[in-house]
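Both complexes shown next keep chain A, but they swap its partner, so chain B is in the first and chain C is in the second.
What follows is the complex of A and B.
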């Protein structure tokens, strides 16, 4: 059995959830903190992956969405609102802002979109720094200790369960969504807008949806991040944060769900492993970004997929069952070795 | 009277915004991409000038040429070893590489200069020139004069020299230019060299005006350059210069008449407003989408 088949089985999600719930038994406090960060970055990375890897929009605004989510969650939570609602509020506000930022994207393309969103990102950092009465300015603020149904989450392990469950649910939703018409529409827009619109895809609508979803994931991820690190500063959401997101998506693999998880795992643990070399952090991310774009454009996930360790992510599942005559045709073709191994040739989205 | 004081201060800042925008526009014209590492080219220029002038103690003119040389060499190396091997890739990829490059260079500068702020000593010992109530620093005048001269030279170069024509041809149709015997490698190389030289010159000339240097300065400067280039309509030499001065002046007016805190973000507001409502800017041409 190929290793990749393991990931494709029906009970894999349940097994993975079980795995997530068992992790805390094996960790100490510090290790647990790192794992919390990994899970936060899975969500944040997914926000970036959606807009960049799937919808193909070159947006520089995700660090700002993450900041908006982190600040909204923390501020709303201080008003004694349940933590899950505070997280949702952070995500929704980030999504709303993302919709607004996405509006110019309907008209702008390529570099112009990058420039507009980078300006938006800088403005957000500026607002977070200067809106003293709400954000406590450039010194940052402590994120309150989350309370989950009257139970205070003091330690990293307790927080882990909150983070892990939110993260698991959101990743499952994301996975279902990308397998639906939304995912196909995003990829169609990425590949060729003209063709996509000729095929009846409402481009403004789907671009806005892509921005909103990306903002939502970045916002919730940012909220969880604020809970995990317990402290938020505006400087944390600047261009460097964005480069971490880019590097995460690129190292993991552009346009791949597994890529986000692999990327989050590698890029969050790497700085912890290389603690003595903290001065070189900026360089490390810069070099990683360049190396992966130039030499391994499909990222680690692509590398693992080629070796059949991770399954290929096929856009349209289930045609074999749904359309009998196609299945018959495929069988016939297989007999004559015509269409054999169509999957292996990698008709990967 | 404050109007003229603000105007002169704004024009002086606009001088190096225009230089940065020119460097960006050059690369955009040749390769249809935005160089996100251009702020770091500026930083290299500024810190080279600082090292030669303030640390070693050689004359400012030597420092200026050292800065231009260093930035030019960096530009050429980046083009030859980083961009050219991947020039055929999508623009998004190229831009992403320059984002990585920007952080690579910034991180490298941190090894030597850390997170501190360095003061660039005054170059001209003579005091400021006072006309009425307007106070002008000699350094500012040099900067503005240099920018204006250079932009005229650039304009003529693009319009009349063989290299300028080759650059325009390459940006319009790379394959077509190649078929007509244009050595596009040389074109790209000279484009990046010129862009680097301008970034380095901007760094060396504006370091005494800014007087404060830190490795992060690149990002800050790059965004101002973006604002200038976008306002001028990305891809136009005249637009970059006019846009640069306009952004400089607008910043000062916003800072004085509305709120001081707004001075630094006015550039970002300009970028967003121009791109949303007027994407082709002052001198840009309309983007044509071909099927």
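What follows is the complex of A and C.
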């Protein structure tokens, strides 16, 4: 059996679920903490992938959206609001702000949008640092211990289940969404706005939706991150955080949602593996990013796809098309065998 | 001014050929009809409704679809995924229906896939539905783009040089398909094409543009015999 064939079997999701359930039994507290961070970064990476990899918008404000989500979740949860509602509130506020940030995107493109969103990110860090009465300023604030249906989640293992459930549900939603008209509209806009609009896609509307969804995923991811680390400071959401988001997408593979999972796994565990060189963490990220851009520009997803280790459908959007009569169609031969003419392989392409 | 004082009536259910030398204004007229180029004066009516100032994305749901002179497809996506983009307006924007498939009528995406498969079969490229565009032939690109325009069952199909780069065999297939699209799908087709034989074969009416103005319009054979057309388009002088 080919490796890729294994991933297509019905055993794979079941085994993966089993793997997720077994993780807490096999880890110590520290390793569990790292796994929790991986799951947070899966959602955060999805946020960046949605806007950059799918919609093709050069937006680099997701570190700020993550911060907004983290602080909102923590602050609202201190008001004795259920943790799931606090997470949703963090995600929704981040989505709302993302919509507002996305408005210039309707007019700005590429490098100008990148500059505008980076500037917004810096502004957010400044606000988080100086709004002492709400954010406790540069000293940061503790994120309260979450309570889930009356059960206090004191340990990393207990928090894992909350983080894993939220992450799993949101990954499933993202999978469905990207395989729907929304995902196709984002990709069509990325590829060619003129063609997209000729096919009935409202460009401003779908760009705004992409920003909102991206902000929502970054916001909820930020809220979970606050729960995982228990303590948040404005510096968590600075330019280096932005580099991590960008690296998640580039290392995982631009335009691949499952690539983000691989990227989150690699980039979150790497600093732990290289713990002795902690002072060089930023440099390590930088070098890794350069190496990937130069040698594996399509990221790990593209690398695995090219070698047929993972099937394309799973890597690209986690959707496998059922089309049983394709083989039959090939056998009966096309009515018009348009691919047969040698002249068709002309110079135009 | 690329197009000036052009007045065209396109009859429902016919194939209307639009020819002319390079720079005659065919593409500009085409872009104006599909909404990509704003017009300074005059109006464009479709099925009795003034669509002159209607945004491009709102013309598609009304049944106006087009292809491009240079094929515009998502190269890293499959043929099926490209064709599904053409179904955008036909699928509910309600996320509960379009994303989660909740609703009395089931998943609209599933219906869209069925429609896409039907069109691909109709065009004879059903066997490459799950193949990525990169690596396919020009003909397969052309037919995939045609499928994307056709999948939403348009009432007006604007085809910009659909035979460019095709082999003789594929052009013959296209010839037959255009007639079938008109007859079986009931679509009105405006065809910009440099291959005169194809235009004459399939068109009910042919209009000739030169320097942004119409110089002749009528039955294909009549138009092609017109001295003005011979001079402007074919470079043949009557006295020669």
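We take it that the second predicted complex is superposed on the first by the 304 of 349 C-alpha atoms of A that agree within 3 Å, B and C clash if a C-alpha of one lies under 4 Å from a C-alpha of the other, contacts with A are read in each partner's own complex, and residues count from 1 in each chain.
Keep in mind that, in the parts below, a residue touches a chain if its C-beta (ideal position, glycine included) is under 8 Å from a C-beta of that chain, and two chains touch if they have at least 3 such contacts.
Treat the numbers as computed from the prediction; the structure is a model and nothing was measured.
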Touched partner set for A:285, first chain B, second chain C, both or neither: first
Which of chain B and chain C A:152 touches, first, second, both or neither: neither
Partner chain(s) touched by A:239 [first = chain B, second = chain C, both, neither]: first
Touched partner set for A:112, first chain B, second chain C, both or neither: first
First, second, both or neither for A:187, with chain B first and chain C second: second
Which of chain B and chain C A:130 touches, first, second, both or neither: first
Contacts of A:294 with chain B and chain C, given as first, second, both or neither: first
Touching partner for A:203 - first (chain B), second (chain C), both, neither: second
Which of chain B and chain C A:78 touches, first, second, both or neither: neither
On chain A, positions contacted by chain B and by chain C: 194
Parts of chain A lying in touch with chain B, wherever the complex brings them together: 56, 58, 103-104, 107-112, 114-116, 118-120, 122-123, 126, 130, 194, 239-240, 243, 246-247, 250, 279-290, 293-294, 297
Residues of chain B defined as touching chain A within the complex: 28, 33-34, 82, 85-86, 91-93, 95-97, 99-108, 110-111, 219, 223, 226-227, 230, 234, 261, 264-265, 267-269, 271-272, 275-276, 279, 287, 289, 291
Chain C-touching residues of chain A, taken from the complex the two chains share: 173, 176-177, 179-182, 184-185, 187-188, 191-192, 194-203, 255, 312, 321, 323, 325-326, 329-330, 333-346, 348-349
Residue ranges of chain C in contact with chain A within the complex: 34-36, 55-61, 65-66, 68, 70-72, 74, 76-78, 80-81, 84-89, 91, 93, 95, 98-100, 109, 112-113, 117, 121, 123-130, 132, 136-143, 148, 152, 164-170, 173, 176-177
